[in-house]
Amino acid sequence: MRSFSILRVVAKLLIPYILLFAFYVQFHGDFGPGGGFQAGVIFAAGIVLYGLIFGLRAAQKVISVTLLEVMIPTGVLIYGGTGVICLLAGGNFLDYRVLDHHWGHGLVPHGQHLGIFLVELGVGITVSGVMIAIFYLFAARRQTS
Amino acid sequence: MTESTQFIVIPLLGLLAATALTVARMRDLWAAVMLSGIYSFLGACWMMVLDAPDVAFTEAAVGAGISTVLMLATLSHTSRTAKSRPRISWPALIVVIVTGSVLAYGTLDMPHYGDPDAPIHRFPSPTYIEKTEHDVHDMPNVVTVVLASYRGYDTLGETTVIFTAAVAVTLLMRIRRPEVTAS
Amino acid sequence: MKHTISLAVALGAVWMLWSGHTEPFLLLLGVLSILAVVGICWRMQIIDGESAPIQLGIRPFVAYLPWLIKEIVVANLDVTRRVLAKEMPIAPTVIKIQTHQRTDLGRVIFANSITLTPGTVSVTMSGDEITVHALSPTEAEHDTECAADMNRRVVQLEGS
Amino acid sequence: MLYGLVLLGVVITMCLALYRASQGPTVFDRMLAANMFGTKTVLLICIVSFLIDRTDFLDLALLYSLMSFIGMVAVLRFSKYGTFADVDEAIDQSGPTGKSLRDVS
Amino acid sequence: MNWMLDAITWVLLLGGAFFSIVGGIGIVRLPDFFARLHGGGITDTLGAGLILLGLMFQAGWSLALVKLIMILAFLFVTSPTACHALAHAALSNGLQPQLVEPETQTCDEGQQP
């Protein structure tokens, strides 16, 4: 497909902005519509577009299957780990109020905000990994009939 | 949802129903994939008109980016037309009609659309909104707060569901290496 | 290298325009996001004169875009007239146009400009030949002139 | 009032496109209609976000305008090769820079 | 000044709605797939362009204006690309454009792939 120059050039032009939009949605879920799930799907769409144009093998060189296998559980672990940290800090599971701290004031959010940020990050990592993995799996199988 | 967008809800719902009927009628699966893309576009519009941008955003991200690609990828492993011709099965039709009419009867008892006295508007939404003001000072989007904080357990469960789905699809779809079977 | 830097600058500008927040935390996230995107694009090997076309400068906006918009409006009015006329005076034709651009980017701009003006759609592009489906012969005739003009302008756009 | 009229225009266009999608006759006509729905959705979201005066909803329209063509790329890939795996005609050794251009068409 | 902005918005938005409906009529009336592509083109260019331009006048100097400009720019890049991809897909699937004089308004059956 990379020999279709129109698609190739337009995809090269747009992929950086699709990926940036995914990050934007990930980090602005607190302010407008969006959040981890949507961001993960948009990120995956950018990679899928790359895979459609330049081939599955090229896409797997960028985001390898091994990396995906790390990403998918890591997201869930970040989510669960946030809850465990809350437990260790003396609160209930996923009770972010105990995440208050006083270092890096103004730069690093704290309390509820920090908890929500970490949790959304976990969701985003898992969802993007899962979506890319499903695309790889479906594409890698040759047509049977 | 405001008064000004009220008039557009019914036409959009009509279009959704028409699209769904067309998809059900379609025997060409490729065309059905394309029409389900249209359904997703309309769904996002409808959510938008109902003032639910977070849901619309999810619909948009999945519908515009991924679902057509995955559906076509699925289609590349099967045939492009549905094999069986539709037949009317009378018991099934009766069950569907009875269930549908019971559900429709149930809606008669529901509060009117946008009724401020409806249970959903009295509890628990206002408490969430008030508590968001108090608990989380700098997060204007209440939906994110509700999903990630007040209902953190739910969202953890959902993330685990997605994880499980990935594991299941991997187990089903991976390409098996030729194994040496124990004789 | 200059492409990487210009892509990063463009992404930074776009991030600020999307976000509009100037809290330090979000600015930090923005910088990290841009680094991540540039890193991924670098791994994808897509950073070059096609994804960050700085060699075109501002010529697309000052010289080409106004003319293209004028052509789009003219072509739109013509197709509208044809579609709304009772007997629909259309006679589809297929023409082939030789391109004179030196780069793929120029050819892509040319082909997409042809598609953007209603009444003509570039169907395939192979080598330096574009197959165009036109709605009517006069349209095609007008379009061959117009396309020659467009061709010349896109060549100018590429610069030296 | 004005926004309502324009919304109505967009919905009428959607109805016309849906007619084409349901009538066909070829599968590509349905795709053309689906493609048109993408643009219509962008317009509808923009108008609604101005109507209810929440312009941060424009992110949605931005998302659609960036991504709705991915579906059409998938359609081209599917109709040309019938599979999403790497096939011999689909890959060549040129790399994403497109230095050695070989055209399939 | 305000009424002038409003008047411009009225004209642009109604013009955009008109052209988008014309595109819809084109997609219904035109005889074969390749001709219908042009109908879709009207909606994508002038219809979308005028409506977004009209909204820009209402946005004023804000981030909404920038987002509208970006939406328009992305649409003008992606919609011809999608159109081209669709035409190419149809052609490579054996759908031939109907090139005769369409004196008779019969609907082209085309080829079901």
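For clarity, chains are labelled A, B, C, D and E in written order, and residue numbers in each chain start from 1.
Please note the rule applied: a contact is a pair of C-beta atoms (placed from the backbone, for glycine too) under 8 Å apart; a residue touches a chain by one contact, two chains touch by 3 or more.
Note that the structure is a prediction, hence the values are computed from the model and not measured.
Chemist: Any chance you could check whether A-B or C-E wins on number of contacting C-beta pairs?
Modeler: A-B
Chemist: Kindly work out which chain lies most centrally, taking the average of its C-alpha atoms as its position.
Modeler: Minimum centroid-to-centroid distance belongs to D.
Chemist: On a C-alpha centroid basis, what's the spacing between chain A and chain E, in Å?
Modeler: Roughly 33 Å, centre to centre.
Chemist: What is the distance, in whole Å, between the centres of chain B and chain E, each centre taken as the mean of its C-alpha atoms?
Modeler: Their C-alpha centroids are separated by 28 Å.
Chemist: I'd like to verify one number: the distance from the centre of chain B to the centre of chain D, where each centre is the average of its C-alpha atoms, in whole angstrom.
Modeler: The mean C-alpha positions of chain B and chain D differ by 20 Å.
Chemist: Can you list every residue of chain A that touches 2 or more other chains, as numbers and ranges?
Modeler: Counting only residues that touch two or more other chains, chain A contributes 4-8, 10, 12-14, 17, 21, 25, 31-34, 42, 45, 48, 52, 54, 58, 135, 138-141, 143.
Chemist: So which stretches of chain D touch two or more other chains?
Modeler: Expected reply: 3, 8, 14-15, 17, 27, 31, 33, 38, 40, 57, 59-60, 62-63, 66-70, 73-78, 80, 82-84, 96, 98, 101, 103, 105.
Chemist: On chain E, where are the residues touching two or more other chains?
Modeler: As it turns out, chain E has residues touching two or more other chains at 25, 37, 63, 67, 70, 74, 77-79, 81, 83-85, 88, 112-113.
Chemist: Using the touch definition from the top, list the residues of chain D that touch chain E in their complex.
Modeler: 2-3, 5-6, 8-10, 12-17, 19-20, 25-29, 31-33, 35-36, 38-40, 42-43, 46-47, 50, 55, 58-59, 61-62, 65-66, 68-69, 72-73, 75-76, 78-80, 105
Chemist: Which positions of chain B touch chain A when the two form their complex?
Modeler: Touch list, chain B to chain A: 53-54, 56-58, 61-62, 64-66, 69-70, 73-74, 76-79, 135-136, 138-141, 143-145, 147-149, 152-153, 155-156, 159-160, 162-163, 165-166, 169-170, 173-175.
Chemist: Spell out the residues on chain D that touch chain A in their complex, using ranges where they run on.
Modeler: Listed in rising order, the residues of chain D that touch chain A are 56-57, 59-60, 62-63, 66-67, 69-70, 73-74, 76-77, 80, 82-86, 90-92, 94, 96, 98, 101-105.
Chemist: Quick check on the complex: what are the chain E residues that touch chain A?
Modeler: Residues in contact with chain A: 74, 77-78, 81, 84-85, 88.
Chemist: Please output the residues of chain E touching chain C within their complex, sorted ascending.
Modeler: Against chain C, chain E makes touches at 19, 22, 25-26, 29-32, 34-35, 37-39, 41-42, 45-46, 49, 63, 66-67, 70, 76-77, 79-81, 83-84, 87-88, 91, 97-102, 105.
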